[in-house]
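Shared between the two complexes below is subunit A, which pairs with subunit B and subunit C, respectively.
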Partner chain A sequence: MIARFARPLAAAAAALFLASLCAGTALAAPDARTLLKDSENRHRTKTQQYAGDLTVVNKDGKVRKKGWRSYREGYAGDAKNLIRFTDPPEVKGVGFLSLSRPGSDNPDQWLYLPSMKRERRIAPQDRYASFVGTDFNYEDMEEFDHEKYKVSLIGEETAEGVPCYVIAAIPNDKGTKSVYQKIILYLRKDILYLVREDLIRKGEKEPAKRMILSDLKNVEGHWVAGRMEMTDLKKGSKTTVNLKQITFNRPHPASRFTLQNLTREGGD
Partner chain B sequence: MRFLLRTLSLSYARRHMGKTILTLLGVVVGVTTFSSIKTAQDALVKGIGSTVDRVAGKAHLQVTMEGGVPEEIQEKLRSLPGIRATSPVIEQIVVPEKAGLGSLMVVGIDLLGDREMRDYGFEGDDADLDDPLLFLAQPDSAIFSRDFARRAVLSTGKALSLKLPTGYKQVTARGVMSPKGFAEAFGGNLMVVDVYAAQDLFGRGRRFDRIDVRLQDGVTVAQGTATLQKALGPAYQVETPARRGEQMERLVANFTAGFNVSSAFALAIGIFLIFNAFNVAVNRRRRDIGTLRALGATPRQVQVLFLAEALILGIMGGVLGCLAGTAFSQGLLVSMGQSTEAVYGISGSGIVHLTPAIALQSILLGVGASLAGAWGPALAASRIPPTEAFAKGAFQARVQRRVAPRLAGAAALLAAAVYFALFSGLSGNQMLLAVLLLGGTGLILLLGPLSRALLVAAAPLLSRFFPSAGPLSSDALMANPRRSAGTIMAMTLSLTFVLGLGGYLGSTKGTIVRWMDDVLTCDLFVRASANFTRGDYLYPGALREELVQLPGVRAVESIRAIRPQFSGKRILINSVEIGQLLDRTKYEFAQGDARAMREGAPKGMCAVSENFYRNFHLGVGDQVELMTPGGLVKFPISAVLRDYSCDQGSILLDRPVFLKHWNDDRVDIYDVSVHPGVDPKAVREEIRAKLAGRYPALVSTRAEFKAEIGKAIDAFYAVMRITVFLALGVAFLGIVTSLLISVAERTRDIGILKALGAVPSQIAKSIVIEALVLALAGLLLALPAGNLFASFMEGPVAVAFTGWSMPHNYPWDVLVQLLIALPLVSALAAWVPARQAAKVKVTEAIEYE
Partner chain C sequence: MILPLLLLISLLLFPFTPFTAEANDFSGYAELKGFAYSECYDGEPYGAGSGTLFSKWEHRPGEAQLTASLRAEWLTSPQDELSFDPADRRLRRSPLSLRDLWVRLPLAPSHDVEFGRFQLGWGQTDGYSPADAFLPRDLTDPFTDEKLPLWALRMSGQEESFRYQAVLVPVTTPWRLPPLGSRYAPIAAGALPQQTVLREREDDPPVPGFVALRLLATRGDWDLGLWIRTGVRPAPLLQFSLDPALQTGAAPVVSVGRRYAREKAVGVELSRVAGTYVLRAELAGLLSKDAELGDAVIGTASVERGFGDGKLLVTLAANAIDPPVNQTLLFDRALLPALIAAWNQTEPWGDWKLVWTVGLEHMDGVAKGEVGYNMTDTWKITTGGDLPYGSENGALGALKKARRLYLALRRSW
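Let's look at the complex of A and B:
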C-alpha cells in the first residue's frame, strides 16, 4: 500500500512543468507509458515519512485500529520502506521492512515481532497473504514499478469526481508471481496523480479490490493523498489509512533500512 | 420351522426367561469385548492416520529429519524448481489444566503463508483471525477448533491454561475454526499457534518438526521427491503424508496386536457359555424332542430347530454386544491413546465411531459363536431316539466316552501349536493366530476328559470333608458331566488367560525393573519432557558444564535420543558419554563385554540391544549403516547388550561420535551422580535453582524416576489388565449360569431331598460346594495351561513382535490372588442359585418337570 502509493504520494515536484507538458501534448493521443513516466518524474521524491492511522472495518462493521510510522527512501524499483507499528501497545514495535532488489521480480520483505525478538522473511509464496489482517496483501506493500507491466491507455473517465486517464497494467511475464492479472489505474489528468486502482486477480474478470486515494493536498510542494482506502469488493471489508505529519526529502540515517535496525529494540 | 420356533422355542424361552437371558448374555459379553476392542483399535489407528492427513492439508510431501529440520532449510526448499509453497510445522500434544477436556494437539504453523497449505475455516465470515497482527505479535496467541472452544467455554480474548514442559502456561484464544478439514484433526481437539511461538514453547530451538511442501501443478510426487531428496541429501526424509501416517500406524501395531488375543479369549469363553446353555436346553427339552421325533420330525429338522434358535440368539446378542461395545470403546480408546502417547509419543483422535464393517463383523461373530456353541448340543438333540427321550435320566446318564481319539487329537494339535510357536518362521500375527487356534482347540479337546476325571477324583474327597452336602454336590456335578465340563472349560480358559497374561505382564515388568536397577544407577535425572519417548523440550549441550560445577555433583552424563527409521522399523539411537556410563552400570551382555564396548566407543563403534540383534540379525563383527546429516555412516558393533529402552531395537553411541556425525548437541536427559554422602535431594534443589526461569526442569531422584517409568509400563498394559478383569467377569458369569441351570435341573431332586429331611442350609451348602469345585477344577487345569500361555507370550510372541525374550517366572502373585479371590467369587456366584435351591417348596418341586 504505502509503497504502491508512495509514488503518487510523493507528489509532483515539477507540477507546473508537467502541466505545461501535458498542455503541449494535448492534441496528440497520450501514451500510457509516457503518462506513467511523467507521473513518476513529477511525483518522485528522495524520501518520505508519515504517521498513519489504520482502520480495518469488516463486513459486519467490526472495527480494528492501529497506528504506525512509515519511512521510505528511493522510488519505485529502488525503493526501501520501513513501517513500525506504534499503537495499540500489544503490537507496538512490530516492524515491516521491504527492500527492492534491482533486477528482481520481488523485493525482499521481513516482518519483525518484538515479543519473539526475531524477524521473519516473507516468502514470494506469501505475497497474496493479507498484510497483518488488512485488506492489503504483501504484494500491495511493494513499490509499483510500471516497467514490470505492459501498460496501455484504455480510455478517459471521471473517477472520484475528476477527469482521469484509465490505464491497464498487465504483469510482463506470464510466469510472474504477481497475485494480479490486471490492474486498472486511474490517473488524474491535471496533475497525473493516481486516484484509484482496480485490482483484478488471476483467473478473474471483475476487480477483487479497489483502492481510492483522496483528500489530496500539497505538502512541501508535493501532492499527496491524505487518505487511502482499500476495499475488498468480495469480502466487503475496508481498510483506511489516514496520513499525518507527512514530510518529504528529509535524509534518513544510513542504517534505517537494515535488518539490524528492524530487529533493534526501540528501533525506528 | 416358523411354527416350531413359535410354539416350542418361544414357549421354552418364556418359561425359562432367566436362562435365556443368561445365554444371551454369554453372546453379548463375547461380542461386547470384541466390538469395544475392535472399535477402539480402529479409531486409534484411523485417528492417527486421519490426523496426519488432515494436518497435512494440501501438502504433497513432508520433509523431516531426526532431531528436527533446521530453519534455514525452508529457504533452500523455496528456491527449488517445482515447489509451489513450503510451510514449517511443529506438533505437540499437551494437556489443558482444566480436567475433562482431553489431550490437545498443538499445531505450530506459519500463518503468514500457511493458507496455501491448509484451510482454516475461520469463524465469522471474516475469512481471517479476529486480529492477525495481534495473533502474530503476542506469543500466547492461539486458535481453537469450535468444538473444543465450546467445551472449554472459550471465546476470543479468553485464556486457557495448559500444562507445558515449562510449567503451566496460559494461552489466549484469538480465533475459532469451523469444524471442517484441518480443524477436525485429532478429533477436533486442536489448537493452532504460531510456529515460532511453538519453537519457544516447546524448546525446539531454531528447528521445525517438519516442513510441508506443496508442489506446483504438473509436478508429480515422484519428481518432487527426487528434487527434494537430491537437494537435501540422505539425512532428510521426504515422504508423502499418507506414508508417514502408515508408519505411525505400524508403530502402534505391536501395541494393538495384544488386544487381538483378548478378543479371541473373550469370544472363546462366550462360546462355552452358549454351549452350556444349549446343552442344558437340549437336556430339558428332550421330551419335546421325543414328541417331535415321534410325530415324524427328522433328526435334521431337530438340529435345524436348535441352530435356528442359536441364530436368533446370535443376532440379538451380536446387535446388543455391538451397541454395548461401542459404549465401552470410548473409555477404552482414551486408555489406549494414553498408552500410545506415553510409549510412542503419538496419539490419534479421541472420538470413536461404530463403522458398518465392525457392526457386521460383531453380528457375524455373535452368530458364529452361537452356532459354534449350539452345534454340538443341536447335533446331540437330533440323535436322541424317541424312546430314550421319554425315559427320564437315560440321556443324563449317557456320556460319550470316546476319550482316546480325543486325547490323541488334542496331543496332535498341541504339538502343532508348539511347532508353530517355535519353529515355523511365520510372521507375528500369523504365528499368534495359528498357535492360539491350534493350541486352543487342543486344550478344549483335552479339558473335557480331564475335567471329568477331576470330578470323579474329587467325589470321595467331597464325601469325606462334607459328609452331607459333599455327596449332593458330587452327584449334581456328575449328573450332567457335559454341563460341568463346559463350565470348567470356560473357567479354565478364563483362568488360563488371566494366569498367562498376568504372568507375561509380571515377567515383563520384573525384567524391566531388574534392568532399571542395573542401568539407572545415577542419583538424579534432569529432563525437560514428561514424555519419555517424545522430547518435548531439549536442553542445550552446554548446560552440562554448569551442572558439573554445582556443589555435590560428581558426574553428569548427557543423554540424547533420536528415533530414526532403520530397515522399516523405528529404532532408538541413544548417545551418552559411554565411559562414564559403564563406570556406574551393570549391563548384561549377550555378545562382547564392557571392555570391548568401552574401547570401541571412542573409535566410533556402537553397542546394540539384544532385540536389535534379533530383529536385524546384526551382532558383534557386523556394521550398522546409519543415515546421518552428512550421509551414510557405518558403525561397527562392539557389543550386544540387554536393553529395554525400545521395543524395536536400540543402538548406543558415544556422545562425541554422535556430535560428530549428527551435529546436534541438544540433550534430552542429564544423568547426575552425586558425591558419596551428599543428599541427592539437596543437589536437586541446587539444580532447580540453577535452571529456574531458564529451562523447564523435571528433576527426579532415582526412585522417583523408576516409579515414573513403572507408571508408563503400567499405562502400556492398562488395557490388557482391563481384559483380565473381563475374563474373570466372564468366568463368574459362567459359574452363575451353570449353577442356576443345575438348581433348575435338580428342582425335583432337591424337593425329594427336602421331603426326606434335608434342611435348606444343607442344600445351599451343596450348591456353594458345587461352585467351589467348578472353580477349583478350572484353576487346577489352568495352572499348567496358564504357565504354557505365559511362556508363549514371553517367548515366541515377545520375540516376534519386539525381539525381546523375557525370562519366564511363574506368576505366583497372580496365583495367590486367584486362590484368595476365586473361593469368594465362587461363593458369590453361588449365592443366588443357593438361595433359590434353599427356597424350593417340596410340593411344587415334586410336580416340577
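Let's look at the complex of A and C:
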C-alpha cells in the first residue's frame, strides 16, 4: 500500500517509498502491481512519526502556514494515524484519528476540537472536505491501498527530472467511495520512489490536483521525501509540506491511537 | 485577595516576558469587539464595545500535563469590580477570570486522572444535548453560549473500545445570568410592571456540586453512551419577592434571589455513521423533588451531513414533561421544544456560518450569521449579527431588544 498522505502528512512518507535499493535487479517486463507490491514489501515501515509544517499559498499569493505532529502505525488495511496540529493558534490542539477497519473501505475517523472538549466522528462524505484549509482533503490523509485499485503501467517518462514508471490507478468498482476517478503515479525508476501523483476527480478528465515529492533523503535506512507539494490545478492554490524529525519503526505507546489519547488536551 | 490577583495577572503577562522557557507553551489572543444594537434599551446605548486578553500556558513534564489560562476583559458597559472569584460563583463576572488551572497525570497507558479547573464537554447531539446542557453557562452575553469551567476531579480511561469518565465536582459553579432588567435579560419587557426595580441578591450558591459517570463504547459505525449524575443543578431557580422596605418611589421593588435544586439524571447517547450522514440521538430522564423544577424527559435527535467544506446540522430537542414554572426561567430547558439548524462552511479565506434556532412552543427564535476573514494566520476579522424574533414570552423572543451587529478584530499567538 502506498500511503496517500504519506504523502504529506502522514503515514505516508514511509509507505511511499517504493524504494528498491536493488537498482540492478532486472525488471525486464515490469508490471504495475508487482512494482507496487515489491517495493512495498521491501520498504514498508511498521511505524513512523514526524513533525511537519506546511504552507498554503492561494491563487492570489496569500500565504498561510500550519504545523502538526504525525504518528502512524501499520499500513492501509490496519493503519492507525494520529495527527495533532500545533500551529497556527486557530487550529492548535485539533486532533485527527483514523483507524482502518478490516473489511471496510472506510476507516473510522474522528476529529477532536479543543473548543468543544469532545471528539466528533466524521462521515465518509467529509473526505471531500479540505483538511483544515489545505489543498489536501480527508481522503488524501488515508493510507493508499493499491489493492483497492486496478493498476496498470501506462508508460515511462521523465518527471521531476528523473526517469519514472507511470502507473494508472483506478478505484475498484466494488464499494469504492474514492473522491478520485483515477490517480496517476510517477515512480522513480532507480529507487521506485513516488515523485509525483496526478489526481483526477470523478467525472473529470484532467487532473484536479498534483502532488510532487522532492528533497529525497535516506533516514534510518528508508527513503523519504522531505518536501511535498500539492497543487490544486483548478483553484491555483498550493500546499507545501516539509517533514522534520522523521523516525521509523520506533514503537508507539500503547495508548497513542485511542480516543482516550485523541481527547487528551495538550497531548500527542 | 491582592496576592492571588497579582499571581493571575503575572500569568496573563507571562508570555511577554523574555524568559519564556522552551518547554513551556504559551498561546492566547487579544480581541477588540464592537456591537451596534437596533434600539437604545432602558438607557443602554446603541453601541458597546469590549476588549479581551486571553493567555494560556501549557507544560508537559513527561507524560503529565499542566495547563493554566486567564482572561482579562474590559467592557464599555458597566462592569463588576475586580475581584478574586476563582470558581465563578459571584453574580457578575470579574474582569479577570481563571479559565484553566489543571493537572493531568497518567495512571496507566490509557487511564488518566485530571484535577483542577477545566471545562467539560459531553453529549452527542450538537446544538442541544441533555448530557451537556445542564453544565453551567455564562449568559452575560446570551448569544455566545459560553460554558464555564469547573473545579473538578476526573478519571478517564479506555480499554479496547470501551471508555469511561468519572467526574467529581466538589464546588458548584452556577449559571451566570445577565443583569435582570438589561437588554440581555431573559425576562420579557412586559412581564413586570413598568418601572419595576429588580434588585438581585448576591446569594451564595451551595458548596457541593455533582458527581457523574459516563460510559462510552464504539462498535463499527455505532457509538453508544450511558451516563448518570447526581447533585446540585447549576442553573438557579429565581425567587421574586416584593421588597417594600427598599421601595422609595412609586415603582415597585422586586428582590430576586437564587436557589439551587438537587437533581438526579440518567441518559443514553447513540450515534451512527450511515453513509454520508451522521445520525445522533440522546434521551435523558432528569428527576428532582423540587416542586419548582420537577422532572423532565428530554430527547434529542440530530442529523449531520458534510457538503465539501461545509457541514449542515439539524437538531430537534424536546421535553416530554411540562415544567411546573415558566420554562424561560429554567435556563437549560428554556428553549424546549426547539429546532436548531446550522450551516458551517470553511473557505480558503476564512469561514462563515448560519445558525437558526427556533423555540417551537412560542415560535420565537434567533437567526445568526457570521463571517470570519483570516487576514493572516494570526489576525482575523469577524463580523456578524444576532437577530432574535418572535413572541417575547419565549426565551429567544425576549431578547428582541438585543438585536445586534458586531465586528471583532483578533490577534492570536
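The rule is short, and it goes like this: the second predicted complex is superposed on the first by the 239 of 268 C-alpha atoms of A that agree within 3 Å, B and C clash if a C-alpha of one lies under 4 Å from a C-alpha of the other, contacts with A are read in each partner's own complex, and residues count from 1 in each chain.
By definition in this document, contacts are C-beta pairs under 8 Å (C-beta built on N, C-alpha and C of every residue); 3 or more make two chains touch, one makes a residue touch a chain.
From a predicted model like this one, the values you see are computed outputs, not experimental measurements.
Trainee: After aligning the two structures on subunit A, examine subunit B and subunit C and state clash or fit.
Mentor: Overlaying the two structures gives a clash between subunit B and subunit C.
Trainee: A:Ser255 contacts which: subunit B (first), subunit C (second), both, neither?
Mentor: In the superposition, A:Ser255 touches subunit C alone.
Trainee: Per the contact definition in the header, classify A:Met116: touching subunit B only (first), subunit C only (second), both, or neither.
Mentor: After superposing on A, A:Met116 lies in contact with both subunit B and subunit C.
Trainee: On the A-aligned overlay, A:Gly133 touches which partner chain: subunit B = first, subunit C = second, or both, or neither?
Mentor: After superposing on A, A:Gly133 lies in contact with both subunit B and subunit C.
Trainee: Can you tell me whether subunit B or subunit C touches more residues on subunit A?
Mentor: C
Trainee: Looking at the overlay, what does A:Lys244 touch: subunit B (first), subunit C (second), both, or neither?
Mentor: In the superposition, A:Lys244 contacts neither subunit B nor subunit C.
Trainee: Which holds for A:Lys217: it touches subunit B only (first), subunit C only (second), both, or neither?
Mentor: It touches nothing on subunit B or subunit C.
Trainee: Using the superposition on chain A described above, determine whether A:Lys202 touches subunit B (first), subunit C (second), both, or neither.
Mentor: So A:Lys202 meets neither subunit B nor subunit C here.
Trainee: Quick one: is A:Pro89 in contact with subunit B, with subunit C, with both, or with neither? Answer first, second, both or neither.
Mentor: second
Trainee: Per the contact definition in the header, classify A:Asp108: touching subunit B only (first), subunit C only (second), both, or neither.
Mentor: The answer is second: A:Asp108 touches subunit C but not subunit B.
Trainee: Given 9-17, 27-35, 45-53 or 63-71, which one is the stretch of subunit B whose C-alpha atoms run into subunit C?
Mentor: The listed stretch with clashing C-alpha atoms is 63-71.
Trainee: Where on subunit A do the contacts with subunit B and the contacts with subunit C coincide?
Mentor: Overlap of subunit B and subunit C footprints on subunit A: residues 58, 62, 64, 66, 90, 116, 118, 121-126, 129-130, 133, 235, 237.
Trainee: Quick one: in the complex, what on subunit B touches subunit A?
Mentor: Listed in rising order, the residues of subunit B that touch subunit A are 75, 78, 84-86, 110, 112-113, 115-116, 124-129, 131-134, 136-139, 196-197, 200.
Trainee: If you look only at subunit A, which of its residues touch subunit C in the complex?
Mentor: Those in contact with subunit C are residues 58, 62, 64-66, 87-90, 92, 101, 108, 116-118, 121-126, 128-130, 133, 235, 237, 253-255, 258-261, 264-267.
Trainee: Touching residues of subunit C toward subunit A in the complex: what are they?
Mentor: 25, 27-29, 58, 60, 65, 67, 104, 109-112, 118-123, 156-158, 163, 218, 220, 223, 271, 273, 275-278, 304-311, 346, 348-349, 374, 376-378, 380, 412-413
Trainee: Which residues of subunit A touch subunit B in their complex?
Mentor: So the residues of subunit A touching subunit B come out as 58-60, 62, 64, 66, 85, 90-91, 94, 111, 113-116, 118, 120-126, 129-130, 132-133, 235, 237.
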